[in-house]
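Several structures are given next for inspection.
First chain A sits with chain B, and in the next complex the same chain sits with chain C.
The block that comes next holds the complex of A and B.
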């Protein structure tokens, strides 16, 4: 199919100190085309779209947009030219309502009432129901994404850039988002779509450009390739799915009984009567749309949020009133979702971050004094075992890319001979090869007899590694069910459907 | 057009260059200020920075340096631990006063006992007095989530009022013919804090300051408590995840800085000041905040910064008396030091980029 050319990138290069983020990148996007940008973390996708959106200037090369030279100096200029972007991390103010948030992103916002009417009109036209008067803090992640998308659509863009849009959606919500994107595409709006989810790209995208280490290594039509082939082009090596060696299930190592706790997070979700058990060698997968109590559950298990002593039992001992250090001593390690600031101190070195949770179980202190030599050995062991790409153990955590830091942080927890492992979003934003390595490492620990709780929004991941499956919905946990025999539709219903989105498309139909 | 760009890792060069550049900029801007006041800028700067160490009266002034640097260092090290943890004790001046009153009060209550135990008891009471005064904002913060900056600062003025009462009332020298001020410690050998080596300016406070500097350095670089203090300041959520109890840390850091300020007060009142008087405190508690930042919140840096600040005190006083500068000009000069330090400090974490001049 030939389409009129919308955006053409020719020989774009961009270097940062020590890294060549983009090296002679060329590709083109036609009008109304859904174009996938594929690549591992650090392959240069983000840098590339930031240049298209005017956040970063290329060192070399040129861009052409609608036939004219295109050199956006800032996002405002890109928007004026007809380029819009939905970021992976939403930039919304929780204490403001939808219309106010949309107005904040506009150069010359119209009066609030008019804007609200336009938001309503666009949301109905594209099947994205949204009440302009609602507080963003009360919205689900899927609804927040709709705010971002509608904010873009109000500018009537010619090119819409979407960075990992489906990581926070239920399967039904993904379906509806795709319907919206296809509708946009049919109307002539091109979409530049960044994702790690290869099946989605195969379902949605017309063309794909694959980046590896800053260079274009292939272009293809995703429908004609298998997900496996796409992943191998991305990684440049062959991949194998994680191996399972299901051991005998042992005794229960983690028991949670009727756990209720108010959320310490503003606009958070309180936990309501959560109960489950995990046995040795067992992996419990907990799914759910972001903001349904995942963070709170992790805090309640790690010990940052305390409860009645008997609400949480580790290895048969009451642990609900213990803090994080005491729970580590009892054998529970945890990996929170937010790497920069929660799981790790961004400005501290990897050595110091290794000490952060490893101090106790790896015996890194003597009479309160830190054994830095042993800590360094521990950090370097994790770096080597988990293939963390870093110039050394002395660099600050924030200098590592998200995926690399995640490998380090997961490795730090797994290498402490834990009895119980709790992980929130183990592979969020991590590339395919690293994600496979992380999943394999988790399964290996389970095979060695640890009980594992994985909280994730990636259903494929949970179905791949979990034995038992449950869903967290508005702070309540469904009864865990064996993964075998579950269908995607059943899971979707457990997750609470698509938050009323079907209705809008019915109206439209 | 210039803009700031965050560095991937903090610059080691600027971490150490910042104080030096800040001092140079202060000399330049201070020189302009002194020039505008009609003085010879070079002569004033020389009087402040050179004469106390190498000038005509250096034999006396060098001792004064240690006398002034001691309490500054002692207080600043305590403050720096809290500042590192994101706990802002601004009321060290009050804790310093209360330490002096409590320590002196215990010693004077024992007058005229000539026991060896009087001075150690006074030291203990001084530390306890400062600690207790710092516990007020600490407990209010942990219990009622009040702001420790405001509470500790306001308690300085309460402490000053108590000091006035002490020197005119409950601690007044009964043989002092009704003049305000307590009995002089130079006449009460068991409780006095004399110069240890004649002419050096070194008294027990200086010894305590240097020892505290070394102890704090070891604490921060080798001990788990120091790690937790740094962690709590840089990434509070990571600190909770590690297992730090934020409330305990507030009590600990406030208590430690209060106790050290109290000690400084006790050493000052029994030594150089000689007695409790309405105005024996000269703002060490506030100046120590500048010293803490000038020393990069690093114990060894603080020791150096304490001497530098003492230099501007001693030299500034010389400049004020010899050259007729208003003392306010000297205070502005000292304030500039903190101003430039914080300004230049940006370069540790950011670099300046001249933005590409694109066609508009």
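The block that comes next holds the complex of A and C.
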């Protein structure tokens, strides 16, 4: 079936200092087509869609939209032509309500009361229930995405761009999103779908354009390819899953009993009665949609958030009232999610950053003074062992790409001979090859006898490396279950199914 | 009807006048902070507004032109801050403090030769028989037009922020400049406009001091009113009607302190001069013991510069 052409991109290039983000990119999207843009982090997908949405201007090349030349100077012009976009990091305002958020994304919003009525109408039509008066800060990630989608739908778009829409959704919510997208596509709205999740693209998309380092490397029909073929086109090399050497489980090294703590983060989630144990050689994977207490759990385990002494036990000793440095001394190392500002001091060099957490366990001080020679050796050892691409150990942490810095930060923690390792989002925003290396390093440490807690939103990652699996949902942790034999459906139910979506799509169901 | 030599009717009537400068300046700063900018230069903009307004009024003989001149002077100085922080991305706290120091010195320089001159008087609005009502008359119906205008401005700012698209965009920019940019709003341009508005309001407040409150020109005439205005914004947790309450409260304390001094009270006046700041600290502590910034209702991007790098 051939579709009339909606958007045609010819020879688009865009350079930033030192990087050629897009190099002679061409592809076309037909009306009502679901078109995938597939590629790793840094492949140039985001830059490309920002040009289509008018946030960035291309250096060269031309775009044609509905048969006419298309050069949006700003998002408002793109919206006026019928292009709408749902962002990867939500472009929402937490302290404003749903209707106000929607109004901000429209050119000529109707009065608030009328807008609220239209939001209700559209949300029911597409099975995305939403209360216009609620504060966005109180919504779950899935509900926030609904706000973004409805904001787009109210403008009757011809082309809807979705940038990694499913990374924050439960499997059930993904299913509902796909139904909505298929309904839109059947009504003639084209969808440009950006993702690196291959199974999703195979399930949803009609065509795919694969980008690698800013260039189009292939165009294909994803249903006719296997996920493995797509992955290899995307990465440009063959990938092998991490090796596991399941060792003997030792004694319990980390025990958490009925841990409750209020959240120190605005709009955060309090921890409610969290209990689990981790044995030597064991990897506990904790899944859950973002904002369900992951950050708070990491704080409570690292010692930034304290609790009763017996709530957290490290190696059998009460540690709940100890601070981060004392817990490090007891053998627990932690790597938080936010790399620029929490895990690392962005403007300090890699050597200094290595010292900040490594000082205690690696003995990098002498008579109260920093032993710079030993610290430099430690930093360079991490750089060499974990293949961190950097001009040297003297550069500022900020200068490294996300993936490289993550390798450095994970390596810094793993190389302190820890007893317990706690990591939040180990491979978020890291390309596939680096992610595989990080996962392998974590598994190696576990094989050497450390107990590991990995908090992640990437289910595939957890299923790949974890022995035990639990889910954080609204600050409560489910009972850990062995990964062997878990199905995606069971995991989805553990994650609380689809938040507030019970009525969604009940007509079709 | 006097208490310890203080007549409550006169006290309330004069606190309404005393509150005008800090109310205007606080209202302007509220809009600036709602847009996510922390301008600590209020004191400097007020005093430059005071001298600009004074000079204009003396030369034109018209108090209305004087207030306009004060607003223009305050806005002009605020544009220096806007250029440094929004275009050159300088640190807002340091730039604001520098603005205050610069404003104080610059106003002193401009005011050379204007000491001891009387500005043209700003008269009360004739309210006819209303002003003769006992108690309510002197409190509500015997003031100059700026008193009524300051209350009208509170209502206007409240309405704009709450009910208009402009207000929504201002709040959005202050809440998350990244999200606002992603939706295609010109973050720095919107902030620039808000800073100029804040400067004009501070200048207006300053002009009221030199034209009505004192009324003459002396060095350092604002005497910390800008700092009180900054405190009121926090005290009011960024809500316009609470700015009104805060200004009357703090204005009342200033007046009470003067009256107590005149009445020869036993309470040392220093305690009363301290009290606006003590109350602000107390309010801050109570509010932030709740749920942090969100409970404070502070704009989430307050004090952060925005650069559209990505």
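We take it that the second predicted complex is superposed on the first by the 466 of 509 C-alpha atoms of A that agree within 3 Å, B and C clash if a C-alpha of one lies under 4 Å from a C-alpha of the other, contacts with A are read in each partner's own complex, and residues count from 1 in each chain.
Throughout what follows, a contact is a pair of C-beta atoms (placed from the backbone, for glycine too) under 8 Å apart; a residue touches a chain by one contact, two chains touch by 3 or more.
All of these numbers come straight from a predicted model, not from anything done at the bench.
J.: Is A:336 touching the first partner chain B, the second partner chain C, both, or neither of them?
T.: So A:336 only meets chain B here.
J.: After superposition on the shared chain, which partner residues are touched by A:346: those of chain B (first), chain C (second), both, or neither?
T.: A:346 contacts chain B only, not chain C.
J.: Count the residues of chain A touched by chain B and by chain C, then name the partner with the higher count.
T.: B
J.: In the superposed arrangement, which partner chain does A:76 touch: chain B (first), chain C (second), both, or neither?
T.: second
J.: By the touch definition at the top of the document, which applies to A:203: first (chain B), second (chain C), both, or neither?
T.: neither
J.: Counting only touches as set out at the top, which of chain B and chain C does A:121 meet: first, second, both, neither?
T.: neither
J.: Considering only touches as defined above, state whether A:55 meets chain B (first), chain C (second), both or neither.
T.: After superposition on chain A, A:55 lies in contact with chain C alone.
J.: Just chain B (first), just chain C (second), both, or neither: which does A:104 touch?
T.: A:104: touches chain C, not chain B.
J.: Is A:373 touching the first partner chain B, the second partner chain C, both, or neither of them?
T.: neither
J.: Which residues form the common part of the chain A surface touched by chain B and by chain C?
T.: No residue sits in both footprints.
J.: Taking the complex as given, what residues does chain C use to touch chain A?
T.: 165, 168-169, 171-172, 175-176, 178-180, 182-185, 291-295, 297, 299-300
J.: Could you list, by residue number, the parts of chain A that touch chain C in their complex?
T.: Answer in residue numbers: 54-55, 74-76, 79, 87, 89-96, 100, 103-105, 109, 137, 264-267.
J.: Note which residues of chain A are touching chain B in the complex, please.
T.: 17, 57, 71, 73, 302-304, 323-326, 328, 334, 336, 338, 341-348, 352, 355-357, 359, 365, 368-370, 372, 395-396, 398-399
J.: In the complex, go through chain B and note every residue touching chain A.
T.: Where chain B meets chain A, its residues are 8-10, 222-225, 227, 230-231, 234-235, 237-243, 245, 356, 358, 360.
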